[in-house]
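Shared between the two complexes below is chain A, which pairs with chain B and chain C, respectively.
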Partner chain A sequence: MKSLAELAAIREKMKDRVVLREGQGDIRVVVGMATCGIAAGARPVLSAFVEGVANAGLSDKVTVTQTGCIGICQYEPVVEVFESGKEKVTYVKMTADKAKEVIEKHLKGGSPVAEYTIGQNQ
Partner chain B sequence: MKELSLNILDVAKNSVKAGAKNVVISIEETERTLEISISDDGCGMTPEFLKNVADPFCTTRTTRSVGLGIPLLKLQAEQTGGKLEITSKHESAHPLDHGTKTTALFYKDHIDMTPLGDVCGSVVTLIQGSPDIDFLFVHKMPDREVRLDTKELREVLGDEVPLDNPEVLMWISENLKEQYHEVS
Partner chain C sequence: MIRAQVLICGGTGCTSSGSKAIQQAFNEQIEIAGLSEEVKLVQTGCFGLCALGPVVIIYPDGTFYSRVTTDDVPEIVSEHLLKGRVVERLVYADTGAEKVDNVADVSLSDTAFYKAQHRVALRNCGVINPENIDEYIAMDGYQALGKVLTEMTPEEVIDVVLKSGLRGRGGAGFPTGRKWSMARTLVPDADQKYVCCNADEGDPGAFMDRSVLEGDPHAVLEAMAIAGYAIGANQGFIYVRAEYPIAVSRLKIAIQQAHEYGLLGKNIFGTGFDFDIELRLGAGAFVCGEETALMTSIEGKRGEPRPRPPFPAVKGLFGKPTILNNVETYANIPQIILKGADWFASMGTEKSKGTKVFALGGKIKHTGLVEVPMGTTLRQIVEEIGGGIPNGKKFKAAQTGGPSGGCIPAEHLDVPIDYDNLIAIGSMMGSGGLIVMDEDNCMVDIAKFFLEFTVDESCGKCTPCRVGTKRLLEMLTKITEGKGTMEDLDEMEELCYYIKNNALCGLGQTAPNPVLSTLRYFRDEYVAHIVDKKCPAGVCKKLLTYKIDREKCIGCGMCARQCPAAAISKTDYTAPGKKLPAMEIDPQKCVKCGACMAACKFKAISKE
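Here is the complex of A and B:
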């Protein structure tokens, strides 16, 4: 059973890291989570990013957030990647598997997965 | 929506948008029925807004003038012979006890019943999206109960570790899954 003691252990572990995180997080992954996104399957996409970013050790560099309707409901699930100094990348019709690929190639590797971007899906 | 858990996620987001500090999500099952209720202490709705809230053209979204969250939940409840009820107190008329409660009743044995699906996923997603709001989740089944209260977690974590910390989210997810799989 996941006990409260384990939760307390997480707190202890995080104590040293809090300071390090300030001022970092230069990549922002935003998942559209309005009715349109949720109905199209955004929840597993979001989970894949949250878990994938943590497992890849990218938590200090990448923050994953949710937003409302982005306005292109027919392309949901939509994920936007913002990186300081670079143009926004919009991924469309995402799945959990595509999310894993984006984490690996884009967030970790630095090159967007062109195949899943809105430019190539119109 | 393919799962009622997705409706829960969708409707609870309205509570977040209404500025709620506390959101209670409850699922109560009997042999034949399943009742979902989502209540919050957000700003509430005016009687005029409440009257039209199941109308798809009544919405708070700004990107377009159609909102399907509540109409979808209503349809899914009614197609099993159940119903949707919403009560709300707007902050202008009820400055001390405002908020909204949405209750949907389903008959599980109806052929058009939507499966409940991954409730754990929805709870974790809600906490990830609004780590500063307190969520109380209770799922009562005939033989047992699953429960998660973010207030209790916050007490253990203190101020320095937010609820949307990835390791905390994974703890929550696994804790809920274990509660569901526990042999009663």
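Here is the complex of A and C:
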């Protein structure tokens, strides 16, 4: 290593790897990953969120995690977004493409994508 | 893309309870579940809750699993990692937090054990992989060294350390900045200087230095390089005990990685500053933790202390100006450089700044490592963080400072802990071992235990320590055998002060402290041994008698079967309502092992 710039480059590169352990971001994206969720295709949704959040540079702010059965199996894959001080948003029948839209509009832009929420799909 | 990380403790505590096998099992199960691309295993240093090991933490949710076995691993992988369901039965129960929504209240940071802690020296322990320099760099590692070399003069570095108020964490509490400043200025024309790290942690019950070396070795290397720049040295030595194999191997890896990155060696960051570090393994002599003995040992000679002055800052290793700091002291340095002296000085008490790591042991629920701001009370550490004393027993005393320290009785539980307060109440900080004792501990026996240790570890160079501690131990033994007299107490006290005032080094000068502090606070226990010939806690065997209550004894004979000395036999008395004659113990034959009492299901046997 010859310079501080090189040190900074390693730090940036590695940051994503340890940020996961630094406690929780302001926003939590929880993907339902029980058997029903996985069967309905929750896995690509989860991957889309993990990758999308990292690519959008939101790793500091957003924690993507999974949970068990949320209890509304007919609407799987279900994704819930928790943000402190705001009402929980529940997205249903998610796909990887919808996930990208949610990252763009909701996580980045701050306004939930109403058409994918449970309220619009009952 | 990694979405979850499984952190497995690879500290000495968890390694001995089987964490290596668990890591192996996770590897296999993650492979079977096809999650290798999504889940990453990370071996870390000590998390601090050694009593609950092996410890596994899963991020991003931070779920804290304790006492994990290899049989639990398939369940954790299929339930938690695949389906996202927390395996409740393995979660550490005492979280002290309310359940919020469906966010599991199982995170380590929610536990009462962690909430009151403030981690500075231990900040990376249990968070990063100590064998991966990149993870240390990601946590701002080597930034402080970069800052020092490119933006600060050596005088400015010393000034920051001085202003931070950091004092030596090895025990004596000498201001670190002053030590550095002396080494920089006292011998202006020195051709060579040295930076040494004291990792010869020897107090019974203390293991924080080991945990820092195992969990965050680069922090120590970085701090030593900073110290080298500050005092004008380009060679460092870490003196670490050979009994710490994991710490030694991680230090070796860390030094090699730092070399590969050019963070040690020649021309660091292109600034022309050279610094290198070598390891020296100690053979485990307690006296080698004393600074002059440690340096003598590094030189390849028998580890014996020498009189001071000259102090090491003037004439140290190989006769050159040298600074010697403890592992935990170094672990604070990079943070102080990055966050500033004011940040560090904002924690702690007026004369003791920052935080202190304590190794909790003895009669306490959460055996382990805790780091708290200076000025935290003993009560908070024992009751809140440590979880109190198990089995509903009563707190009697806490021993701090190992064989150099003393016992703190219940009446001083609310004293804010710092260097000066501990000395005022007859103990000392020491390296931070904190052994909790309950009503079942005999204070005379405790004093005897520590004296046995110092008698063993005295190097023999000076008479007050070599002969004095031996005589002290003989007097203590006499008392525990019920042969002591009240005159012995006075004589013992006199001898204590004589040793304190005349011994050559810190080992001898502090060796009588356990006796003096127990005499001060628990004199009544000494008197009970001497006058009543009784050991109130029921520990000193020579003063114990085991008795069978013949009204309660049903004559089953379980006790006689367990007795190794054939001291129990039948009597010809049968208690009313019992079918068989009662048993009795022959005091002449009894070896006081207590096996009969443990075997009796009818609580008919008692000791007094």
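Going forward, the second predicted complex is superposed on the first by the 98 of 122 C-alpha atoms of A that agree within 3 Å, B and C clash if a C-alpha of one lies under 4 Å from a C-alpha of the other, contacts with A are read in each partner's own complex, and residues count from 1 in each chain.
Note that in this section a residue touches a chain if its C-beta (ideal position, glycine included) is under 8 Å from a C-beta of that chain, and two chains touch if they have at least 3 such contacts.
Computed from a predicted model, the values in this text were never measured in an experiment.
In the superposition on chain A, contact is made by A:Val30 with chain C only, not with chain B.
When the two structures are aligned on the shared chain, A:Ala39 is found in touch with chain B, with no touch to chain C. Of the two partner chains, both chain B and chain C are touched by A:Glu51.
By the touch criterion defined above, A:Lys86 lies against neither chain B nor chain C after alignment on the C-alpha atoms of chain A.
Chain A uses residues 1-2, 4, 7, 10-11, 13-15, 18, 33-35, 38, 46-47, 50-51, 54, 64-66, 68-70 to touch chain B in one structure and chain C in the other. Taken together, the chain C residues at the contact with chain A in this complex read 1-5, 7, 38, 40, 59-62, 82-86, 101-103, 109, 127-128, 134-135, 137-140, 142-143, 146, 150, 261-263, 269-270.
Those residues of chain B whose C-beta lies close enough to touch chain A in the complex are 1-2, 6, 9-10, 13, 61, 63-64, 67-69, 72, 118, 121-122, 124-125, 128-129, 152-153, 156-158, 160-161, 165-171, 174-175, 178, 182.
Contact residues of chain A toward chain B in the complex are 1-2, 4, 6-8, 10-11, 13-15, 18, 33-35, 38-39, 43-44, 46-47, 50-51, 53-54, 59, 64-66, 68-71, 73.
On chain A, the positions that touch chain C within their shared complex are 1-4, 7, 10-11, 13-15, 17-18, 20-21, 23-24, 28, 30-35, 38, 46-47, 50-51, 54, 63-70, 80, 82, 88.
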